Amino acid sequence: MTSKYNITNDILKTALETGSKAIPHGNVATYIPELAKADKNKLGICIFDKDGNKHFYGDCKERFTIQSISKVISLALALETCGFDKVFDKVGVEPSGEAFNSLIELDLNSNRPFNPMINSGAITISSLLLHKFSFLEMSDFAREICLDHDIEFNSVVYKSEMSHVSRNRAIAYLLESKGIIDTNVEASLELYTKMCSLDVTAESLANLGLVLALGGKNPTTGRQIISPKVAQIVKTIMLTCGMYDGSGEFAVHVGIPTKSGVGGGLLSVVDKEMGIGIYGPSLDEKGNCIAGRPMLEYLSNQLNLHIF
Amino acid sequence: MTSKYNITNDILKTALETGSKAIPHGNVATYIPELAKADKNKLGICIFDKDGNKHFYGDCKERFTIQSISKVISLALALETCGFDKVFDKVGVEPSGEAFNSLIELDLNSNRPFNPMINSGAITISSLLLHKFSFLEMSDFAREICLDHDIEFNSVVYKSEMSHVSRNRAIAYLLESKGIIDTNVEASLELYTKMCSLDVTAESLANLGLVLALGGKNPTTGRQIISPKVAQIVKTIMLTCGMYDGSGEFAVHVGIPTKSGVGGGLLSVVDKEMGIGIYGPSLDEKGNCIAGRPMLEYLSNQLNLHIF
Amino acid sequence: MTSKYNITNDILKTALETGSKAIPHGNVATYIPELAKADKNKLGICIFDKDGNKHFYGDCKERFTIQSISKVISLALALETCGFDKVFDKVGVEPSGEAFNSLIELDLNSNRPFNPMINSGAITISSLLLHKFSFLEMSDFAREICLDHDIEFNSVVYKSEMSHVSRNRAIAYLLESKGIIDTNVEASLELYTKMCSLDVTAESLANLGLVLALGGKNPTTGRQIISPKVAQIVKTIMLTCGMYDGSGEFAVHVGIPTKSGVGGGLLSVVDKEMGIGIYGPSLDEKGNCIAGRPMLEYLSNQLNLHIF
Amino acid sequence: MTSKYNITNDILKTALETGSKAIPHGNVATYIPELAKADKNKLGICIFDKDGNKHFYGDCKERFTIQSISKVISLALALETCGFDKVFDKVGVEPSGEAFNSLIELDLNSNRPFNPMINSGAITISSLLLHKFSFLEMSDFAREICLDHDIEFNSVVYKSEMSHVSRNRAIAYLLESKGIIDTNVEASLELYTKMCSLDVTAESLANLGLVLALGGKNPTTGRQIISPKVAQIVKTIMLTCGMYDGSGEFAVHVGIPTKSGVGGGLLSVVDKEMGIGIYGPSLDEKGNCIAGRPMLEYLSNQLNLHIF
């Protein structure tokens, strides 16, 4: 089927070459031993458009842990099942101007985490979901919304993360002390970390991106996985908060709602048009795939994908 | 001429009635004596669409000072004439999570203001423009981009503001001490405050909104007032930073790039489609027109104006 | 034996009456259910001077939990047994300008807690002592330095505290994440909380005060319990940091090194001369015994006890 | 006349040698061009004891600007003439845990500067004195309390400072915006900076130290220059706040109330006993004379001068 976007092999090739140049300036995540084992030169991209065309280039069948991109999935599920009021009573939607694991703003300014894309917000979302879903059910939901039945739990990465989880544990207990988490703290932390340990591919992320682009609809079956309103909220929060304290800069220069994970993944949504998944474990200083920014900026300019 | 949007009188009336209910919960700006004199019950809206239709409802010919909405105009002019690198070297584009007049983040985290929509950023932009333009030239530019030749300088408000300017002056000297302002501090502060003291109407703001929606083009003459790229950047920054520390919430629930001013004005841009100007001097706690939020949320839902 | 200070019954009576007037303006600690049960009208003072005279007035045989005054005992033991370098490598000695349970300064400014009198510092001290002492040995040391063999562990208060310990637990895990605590976090937290749960009297505190005043010497046996240098350091830190973010004001107007606990206790040291213990569970906003300040200010003026 | 302290030439010589070793690790103040001209190898000490003995060693007749040590003089004068309530209503007495020129704590935590030894506090004190004294009268007072009629105003340093005063000016306008300064801001800033530009010697500072040690009394005439209560307050604040965010560490390890200035001066008070003045323009990272700390620590240990 044809698309209004002419996504040729040449464009993908150039995108990858553009991204590759940035790889040496970044590094794999080192704070967790298992993540440090990734091959920093891997790079792959998958684009899935609304007309059903799927474009691959590079290492896009490689499995890696989803990490913070799981925040998008958990947020969608929480909005869908807990109600907007309950979610927004516990977590705000403001960009924070601080790094992903900041405690300061939480302690200083507010009685709720700034947004669900930083750790404090995502752990709070997990504490809400704890009432309703087991981890098995949540990973089933991840498989459904990513249109990928092969997503598995990576127990090796999970264990490695749980043995370096002090800062997130500090955040979780601070949330409890402020009455924001009122369920089991350790179970909330575990659920959050387990969701981060799901193994995806660039293709899974492209799929998820397209589902969001289509307002929550499965592109094949037409089934509404999440409501259009939930998809709208999720896309907006990805745009304003998805790249941590680099979100504003990314919105200006790329203009595509995107969420990163320290496993090297990037999930991008071109609204109503396509989903883009990228894998590249070499990270910039803020913890985002370093090749992704130039790749997406190139595609945004080339294909006119900026929101404005 | 017909538009794809059916902006009927009924819709505007309902929008105004929806907004009116919020008025009693807000207050006019009191920190500057002249602003405190406004009639808090005034409310008006003007919509100007790309097909040339202009819709009015309520007090939309009333003059009021543009205040912080001038930040949009100055930013556009700086980007157009100083170059992106020079501007972004001095001012970032990250939402700040802090109030409009915060000194803390500036002193703590950074060697440049977070973005051009908070006072520190806007004063810095003024210091850049000081090299190139007189205030007369800048107000001419404001008249041009607002398609309103009747915009005048309100010297009474200006004097009132300059006699309550200590906090902005503190910000300006802090910027000098950090080497961010390297031109005349007092002149930068004056230029900034003068630009805030231009008298506009809801109609002027609707005009400006349409110019931005059309990528910088005058809707009548087709002349490019600012480049499409500059318009794109300005719209993105309005979306992520335009409502101060309430920007994220506004983006999620309204989804229309908007900039507020404590004079009671709101400038909104529905990309490629229309500009919306609102006047209502009753403000919420964050200094935004309190009626504007429910009005724009109503219009966004009714006419499907959300970016996503 | 006579003393150069004429501590008459009248002076103590007036001190108590002065303090009593403040009681209604304060409240017992409410954040821990067991502490909330205290009788807020209790008030007692004990003074033990270097000549062996012990003066009592009011409720000074009443048992109450030592709470933060245990920080003085643990600090003394750590300095005595771990070495100054090891202790000061992990904990600073700067007043913090922040409340006792602040996370902000710890996360923001420093790679070690500001001082051992705030919770983060005291939990770190506990983590150092964990290597060397059991809780039984530490409570034995408390009995020895307080010259009070009847000090017991209050397990009811301990359990009550441990079920409201989220904030301290957050602090402890933040310390682990920064590499400041490198022993067992939960055990450090438990040891800290157990030490806070020792039951003392105003008399025990007066005894401890005199031991510190005499440079660490048991006033009866002459045995050196801690070295003069350790006593000197402890007294200085009590002066600059003992009353949290009210320490400076207390030093200026009272001028007697003092440490407070939310159980209602106050430990004061008039160097080379006497120890003063006060019990009064009605607390001011900063968590200090509200009657203690006017009592000690009265005594300081009356008996000329100010350091300068 | 003999003193209980045996201040021999050997002790002073060793003190100087001890201090000299630190000089290469420091640097002269560079933020003001005139101060950068100082000879960093200069070092001198003067001790003036209560028995009338004056001991000199090294460069103690050298003139240098008093800088922040003037904060002590201005505070004494304000307490003496404005009343304690008025002064403490405007300025606190808490150590701040922040650097001398911090804006953050002022903006964040408080409606008054933390203490009169940081710039915000000292500029506020100047704004109070502006009502009552001309700069000529204030410099007369400085001459009187320093027992030094040759103290002159250094207009070259003053001008150099006034051309690099942006940060202090930012602080001053922030104080105005918070209603803390309610007199002329520029005049307050000038008065503050002029007082910093008085030329003193190590001997002037030793004199001032002795006056404070003697409770405000001129050691020769017996005249009470300031009241004993004012001297007591000043000494306490010097102890807790005199060395900026290094005050706690200095109190613990040296235990002598001391105030530093970036001109290289140190004013120390051994209560009831002696004043010590030091000159050494090589500064440590916190802006304190780098040789002073080891010199005073040596003297404190050798002569037993610690407060405890």
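For reference, chains read A, B, C and D in written order, and residue numbers begin at 1 within each chain.
Criterion: a residue touches a chain if its C-beta (ideal position, glycine included) is under 8 Å from a C-beta of that chain, and two chains touch if they have at least 3 such contacts.
Remember, it's a predicted structure, so these values are computed and weren't measured experimentally.
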### Query
Based on CA centres, what chain would you say lies at the far end from subunit A?
D
### Query
Between subunit A and subunit C, what is the separation of their C-alpha centroids in Å?
48
#### Entry: Interchain centroid distance [CA atoms averaged], subunit C/subunit D, Å
32
### In contact (per the touch rule at the top): chain pairs
A-B, A-C, B-D, C-D
### Summary
Residue set of subunit D touching subunit B in the complex reads 102-104, 107-108, 166-167, 169-174, 176-177, 185
### Partner subunit C, residues of subunit D touching it in the complex
92-98, 105, 109, 114-115, 231-233, 235-237, 239-241, 245-249, 251-252, 255, 257, 271, 306-308
